[in-house]
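Encoded as structure tokens, here's the structure I'll be asking about.
Chain naming follows the written order as A, B and C, and within any one chain the residues start at number 1.
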């Protein structure tokens, strides 16, 4: 009996010792030298790991920040945390903060069920990227929203929902962090990250159809028909390829209302200022 | 006749529905207007040579191949060009097309319209390839790869076997079947033309055993043409796939990412071979083809000789029109074909069939989750694991699908056909393929 | 309005519920055999088990896990049947409910439901009962052919139980308590039709083979797993038998007794908990067979099928990772 006890102690102890030695060497060999700055930066980050900054998650971003010099740091930006977080990181690293206007994702399509009625019925898997491969979509507009919600599925912040009445996704501006996931996933490239004015107002062309006006109107009553009326309100508005585009430089507080009311089809959308998004003033 | 041949990995047996196998090829007639797309092939769209208002004849060269991987386009009717701009195509996207209003039926005088069969081939291989190129011939089985490039095998590769693909494994379609029955001798002469280019003497015509009439018609002639053999194959989908057919006939496998020529084979669809015969010996460019109009909602199904550019709706009307039950109009077969957004879209060089299908036949109610039955891997003719690819794609892990060899997928649809959970496995594979291509 | 959809436009009619229903049909012969040999008690156990499984599936998938109601796809019926087939006919009803709860809720729905569970639910239920209630689970009523009202008071041992406790030295003379003699082992024919002690569904190899034939005909499963599983057991025991001449290794008895047929035909072939590729399935089946033999011959338990399959279930993700199908154009000329 004694022998068995001793044997057990020896065998198990031996295994434990061998495992400890292996663990020791492995941890030596694969040790990661961690910059203390990385941990400090990481603490400031939102930890959403959304990839909106262009890096593979928050840790990667913190690494990049810690290694960056002043100039390189200016090129780094966490869209989710916004200016506030960047300010914190800057103070940790001892750099000057980068100031960027808050942004939000907008859907550049107004092809609602009413504006662009379905011409065929899509009977397949609920994925825009798959549906875009087999047709121009139910509405016939080759650049319009497919209404199947790939963007909703990819949004990590619950900021996108398909409106049951209009059929197209709606951005919840309070929740949107402009991480850019929707921009990347949409097969029609309908999302754009656009700055929000100080009072929260925004103006943009909700259409990406480059067909001629008459053709575009056949599929969607809210299509941009390149009538050039918007360019008369503000000459900075550009019309190219039968499609109007309002650059960021056009101040929505000043021109938003006028642009939206000038558009005959309703392709220009003006979001009235509700000061919902955190503004640089606060 | 020897034992039926077939490929060893995977494959399925869908219902055949070959309802038009006994209907002779009829002339579809001329529509009022034809819409001829400038891109009916893989590669660059052809450059348009005509302008609005130009008068064209049947066989007039109206668009020129842009580069090597491209193909010429010919007018299929005589009349006046009324529009040279983008028109809504099959998928609802606008594509560049030449719209011609039909006036009479005047053919280019160079085309030999006599009914006799020409049997002499007085051309050199180079002349033959040039003639094929000048006729705008592309692979008519559906891939649309320009035939002259495929036929002119690079000198560093040795092709010893010519296979004529008369399999037509898609349900419903009988265009190739009828062509083999009615134009057997022309097809065999066509194979001799390709033989001359390749510098070999033999050709194997692969036909699946559910086409006894085609096998009989061809076998009767093989006595007179030395080197041509008819090989009956077991009926199994996707036997008509190039890789599968090579394996079935020769036992060789085309290495991953390589061409059939690397396995010493050249596969040509019988429709393409017929077009080669007409181009080389009858001076007739490719502007018409056989189209099967069929489906469970088609009142008068049949096989038609159709001019390229004829709107599908013209053929549908000819066959009794759409009925209440028609839920889908397909271009091509039900396994690999596409469902039409716009039924006024034209028939192209690649349209082998137009199918009118009911909701009952095509409805895919969404299924359960994957039950891990492994049937998709069992039927995949390439030996892929579609369930794995599907799982990765659902998580947007496209880079990882590279390790699953998804780029070797031939998009036959066996996996999605057989999935008891009705998962869109083929869609996942296609998505992964295009994402990988985009990233490369 | 026309419909557009992605290719392929035709799909098989053999959807998940159809396949599951086919499995249920394949299990019916074994049910008939169970009732013939164990009377109406067997029917009671089966009915309780199926009802409990479907009820748990319905309640928990709908109200607790909120995965949507999946009780309509017949998979819970299969679990219920298989669980019942792994119980003796004298099993108390309350315990069957506990087994069904373990099978459906713990082993299946907790993992995410159909297609996501790692272990075969029916086997988890059985093994849980086996460990928790060893007395009831090893109380084997004597089979009485065509006696529907057979009481379960008369008990006997299973063939494997007899083999396990076979006292070779004393078999000719007086038996010590708990030891059995060779004469108790039923003949091959009796074991084949099912006139032997054991769990409800496992006794009749004939009924199970009928089920196998139906599943093969309907292409629900392929022959690989049952064949490799059963032949591994047969070959290993035959080798041992020939080498030692010990009657405990007698291969045909091993083939026909215990849960081998039931396990190899219905449990190891469960889609979800078996490998997805052919070569993986062969590896899995051989592993099951080897483990079954090891447990049967060298452990304290007389029967090892359930443990063998559960252990191999745990290896399935690993097998799936490495057992890839042959890939076109990879090896060919």
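Just so it is clear, a residue touches a chain if its C-beta (ideal position, glycine included) is under 8 Å from a C-beta of that chain, and two chains touch if they have at least 3 such contacts.
Remember, predicted model here, so these are calculated numbers, not experimental data.
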| item | value |
| --- | --- |
| Topology of the chain contact graph, where touching chains are joined (line, ring, star, complete, other) | complete |
| Between A-B and A-C, the pair with more C-beta contacts | A-B |
| Chain B and chain C: spacing of chain centres that average the CA atoms, whole Å | 49 |
| Cα-centroid distance, chain A relative to chain C, in whole angstrom | 51 |
| Inter-chain centre distance, chain A versus chain B - centres from mean C-alpha coordinates, in Å | 42 |
| Sequence positions of chain A contacting 2 or more other chains | 119-120, 123-125, 130, 133-135 |
| Per-residue multi-chain contacts in chain B, two or more chains | 338-339, 341, 362, 364, 424, 427 |
| Where chain C touches two or more other chains at once, by residue number | 2-6 |
| Residues on chain A engaged by chain B in the complex (per definition of touch) | 119-120, 123-125, 127, 129-130, 133-137, 140, 142, 154, 185, 211, 215 |
| Of chain A, residues touching chain C in the complex | 118-125, 130-131, 133-135 |
| Contacting residues of chain B [partner chain A, same complex] | 88, 91-94, 338-339, 341, 362-364, 366, 396, 424, 427, 430-431, 434 |
| Residues of chain C that touch chain B when the two form their complex | 2-12, 14-16, 18-19, 70, 73, 112-116, 222, 271-278, 281, 324-333 |
| Footprint of chain A on chain C - complex, ascending | 1-6 |
